[in-house]
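In what follows, chain A forms one complex with chain B and a second complex with chain C.
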Partner chain A sequence: MPLDTSTYALAHLRLDGRRWNELRRLHAQISTQAAADGSSYLEQGNTKVLCTVSGPQEQKGGRGGARDQGNEAKVDVEMNIAAFSGMDRKRRARSDKRVQEMQVTIASAFQSTLFTHLFPHSTITVTLHILSQDGSLLAACLNAATLALIDAGIPMSDYISSVTVASAPSSDQSLDEMDPLLDLNGLEEQELPFMTVGTCGRGPGGGEEKVMVLVMETKVQMARLEAMLSVGIDGCKQVRGILDGVVRSHGKRVLESKVS
Partner chain B sequence: MPSEVTPSTNNHDFILTALRQNLRLDSRPLDTYRPIDLTFSSDPDTYGQTDVRIGKTRVLCNISCEVGAPYPDRKFDGVFTISCELGPMGSPAWEVGRQDQTEIILSRILEKTVRRSGALDTESLCIVAGQKCFHLRADIHILDHDGNVLDAACFALMAALLHFRRPDVSIEGEEVTVYSVREREPVKLTMTHHPFCITTSFYPSRQGSDDDLISVLDTTLQEEQCRTGSLTISLNRHGEVCNIAKYGGVGIEGLSVLTCVNASLEKAKMFDRLLKERLAEDEKARQAKIGAMGLELSAENERVMERPVG
Partner chain C sequence: MAPYTGIPLSPAELSYLHTSLSQHPPIRPDARSPTAFRPLIAETDILPAANGSARICFADGTEAIVGVKAEVEKTPSASSHSINSHSINGEVADEGVRGLGSGGVRDVEDDGMDVDGGEDGKQSSKGRDEWLEVAIDIPGMRDDDALPVFLSAMLTEALLADGALKDKLYINTRFHWRLYIDILLLSLPLSYPLPLLSLTTHLALLATRLPALVSEKDEDPLFNDDWEASTHLYPPTKDETARQKPPITLLVMSVGENILFDPSREELAVADAVVAISVTQSHTNTTGPDADADADADSPNPLHLIALRTIDPPSRLTAAGLPNSLNTSAGAGAGAASQSLSSVEVAVTREKDQGVSVWRPPRGGVKRAVLARMIKMVVQAGGVGEEVLGGLRGVEI
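For the complex of A and B:
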């Protein structure tokens, strides 16, 4: 199904009426599941993700001892894509390579951001339930996991915030250039070359954001990468601001309820 | 469950300190590959079998094909699957049947580099739309693991695909005839472009600080175990990037991603040149073996293409 990009060229508006550098509505909640150590619910447009964290806890199972990494906690990620989440009802097997790749990505991104050395001989399990998919799945999962890990009170160097960026034919047709587009929805993701950027801020005064996760699986000219990357890093900054707002307002509410 | 032997703290520190002084255990510069060796099967009837060695890393790739039915939702496409085998022969840490992280990443990156980027034109594998097509299967075996398995596997796969010939077919009405190698000269696969994987590894240039990173190409196993992060880029010699994969690890600056891409382009060109050279050599050797018969069997004729009028 070809994407109707003609309107974009005319009015500089995308399919859902956004400009090139606008995010979709990002709504998030923290502490949604009472039973989990940490949990979050995140909506990025129509992509909806529920995340729970359990741990740090002792490794389960008999063979855990041999795999014990010793002086660092291990991050485990389980992903559950609901059958009803996509356009057509399809049950994704757990052994799907695409899902496994995302699990590995999320696990290793947090392995290096969390202060795992504080919890030797233990595991932190992050469980992600995808309730609805409409593009930017990996990005939404990373954002949801960040919030849930903060809710669980696991120390980390900074938020990992993530967005997708695409490269689309320019609105100005006289120029033979490409416009970067921020935060794709499902339709745009099928049509345009895109990548997922995840950055980690460096705290106040810590300097530039660092790219933690970078995943691209579509063919794109080298020259276009620079624009995509810089718009992506900028988008991550915006997402970080929103996530930070969610955490702060939750903290405020908790404090107020303690006082009264 | 066996696990990899990790380098001792002394070894780890030694490798890091050496890298900070631009030194490596095998006295290579940081951005140079170990000697790359590519051999094809010596049997003139066997196509698409490659053996790649980068230093002590050794990867075998074999391509096979059979006639089967296409997927019902992709009637005009042939089927192409890549399967990676990481057995105990390569490394004691790998077991048959147990999926580990290296395997997932390896097969996903190869899939993205070669299949999703459309390097192989699967439509050319179609025989009768919706009924018959070629099932192409690439089996990759890691025989020896001494670091940088990804680049080696991707190179082996590309070499095998370019070397492989599928049997010729002819269609008369509903009847499909598949000719053996002896009956008719087999046909090359249609490749649209030739992507290669290049992995860059990162090391901290100062203790406890992630600000400046040393980037190193083609790491050995020991170096790989000491790295704090890596970035895999797949691209062809025209600078079309098919895949970027950075799964976690240490954070890098946006600018250094772009420098990595530029450096990788040089290496992709190097891979491309090497592969072309070796393919031409192999072609020559095969022709010599077949001798005079080769000229008669060849389907190409030495006709000068005239420009169409108008």
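For the complex of A and C:
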């Protein structure tokens, strides 16, 4: 594949002009939809995700044995990739294996972060609408879901913040030298081995720092993995800071509107 | 046992709502006037990867996003098409599976309508119905559920009956654009989502741009890669009122003699009849030069009707109330008397009471006079159709 490594090696600038450790513009909003219990809209570069949360509520549909769900809430994730989201129009069936895998990944990550034991016999449904995709889809979905769950007021131990990180061959092509790249766009994702890291907590003083999600579908040399992971965890911290800013500014707005 | 309709209203509440909506003037639950629409938030061009996109958010929280994408496609029977252009029979066979050429569907009585439909019919021979594809995605529903299928059929029908849209997709005899309109309903459908989806589609189509064509005639199409040079599917004009626009579909309901626009979910629960009316603006080129001259700046081209469908109102599924004279569980005098009635007598008493003392679901169709008034209210000069188009004009595109 024609990776544009030539330009990267010359100036150490990526296709979109970023340095190796720069994130794309991350813009998010909370409470975008009045009809949902919690909602958020997140743009990570050109990847745009809209997330709504409904619940915790009793499971609807009255399926047999639906009442007996054990002592904690179940997290259900529905992902809907709009047909117009990619470059070419493509309708994805709901049973698409890739989509299902991402749904399970997100659900299991939040299942252990949310205080689900507070809501026995109930379901929390997270619906993700992908409006536009340009790389880092899983990461953007995790970030958007975090914001929407916060908006829904569901108690959780900490933000799950997520980012992708890739390993790019360095300028002199020697094997032991490589550059991890942070927050990939769609083109880079096609050409480089990458992984999605999602962490929870921010280390000393802010709770235990844990890697909650780690997904890698491409091959990479074992030696490169450690550097990638550490850059990824660092990127997650940056993302967490941004998400925190969004939540705080929204909270401030809500308070101000209540006071006046 | 009351059939499950998802309407959380008792027969008594339905009866109350029905009575207040049949007053003159009607009293709507949210104190709107009969023709008033609920406020909405709209924006366009929100998606980078689509040719055109729009988002509309109604005040009740229902929200829809529409993305329009266009692809160049080879016209399958390129050679036969050119032969057909001088054989009338071939042309008719070519004219769409659904038979929705703009000429044939205009047989509904409508005095505000102009009479040059035939001309449009001739011009629309270039486009074909299957070049347009509408897909609707509603959360919690399968793609082949009745609601999304019915809604997309209704929207497609309006867009095709207009005739102007499919002609715009024609590139040359060998190639055409295929237009995909993907509608995404973000919230659960609280009220019947047709007007929301239609207005969002309208805005998305207005915002749709296609790359400018640089090749000529029947060459393989070559496009200008400068997005700034792209052309609008519906080109903007200096005078916004004269701009050619995609059709809109409005939901109208009637209660007795009253006609209500943009019904909410509760209002639909007591509707006598619900009708979806699709209208479009007559094209500028079809009105004569003298018509242009005496048209005021604030009176745009007249609207005309292109499609009409009655919709089965949810009110038909509601449970009927029980007249007091038949209420056996009440215990007192009247109940004891009715216990001796035979089942035939009970049925007769119920039938006689029909809608007098208690609620009963509406029966039968819509009266012709009411239907004619509905259409007139939408299409007439200064009517609801113009008001809606005028309101949407305020959206920045």
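Following the convention adopted for this analysis, the second predicted complex is superposed on the first by the 244 of 260 C-alpha atoms of A that agree within 3 Å, B and C clash if a C-alpha of one lies under 4 Å from a C-alpha of the other, contacts with A are read in each partner's own complex, and residues count from 1 in each chain.
Simple rule for what comes next: contacts are C-beta pairs under 8 Å (C-beta built on N, C-alpha and C of every residue); 3 or more make two chains touch, one makes a residue touch a chain.
Model, not experiment: these values are computed from the prediction.
Judged by the touch definition given at the top, the superposed model places A:His121 against neither chain B nor chain C. Judged by the touch definition given at the top, the superposed model places A:Arg18 against neither chain B nor chain C. In the superposed pair of complexes, A:Arg91 makes contact with chain C only, with no contact to chain B. By the touch criterion defined above, A:Ser132 reaches chain C but does not reach chain B.
Once the two complexes are laid over each other on the shared chain, residue contacts for A:Lys237 go to neither chain B nor chain C. In the superposition on chain A, the chain among chain B and chain C reaching more residues of chain A is B. Within the superposed three-chain model, A:Ala83 lies in touch with chain C and out of touch with chain B [touch as defined at top].
In the superposed model, A:Val220 lies in contact with chain B only, and not with chain C.
Of all the residues in chain A, the ones that touch chain B in their complex are 63, 66-67, 95, 97-98, 100-101, 104-105, 107-112, 195, 199-200, 207-223, 225-226, 229-230, 233. The touching residues of chain C, when paired with chain A in their complex, are 46-50, 53, 57, 60-63, 65, 67-69, 71, 135, 137, 139, 180, 182, 184, 186-188, 190.
Of all the residues in chain A, the ones that touch chain C in their complex are 33-36, 46, 48, 50, 52, 78, 80, 82-89, 91, 127, 129, 131-134. Residues 1, 3, 99, 101, 104-105, 107-108, 111-112, 116-118, 210-211, 228-229, 231, 235, 239-254, 257-258, 261-262, 265 of chain B are the ones that touch chain A when the two sit in their complex.
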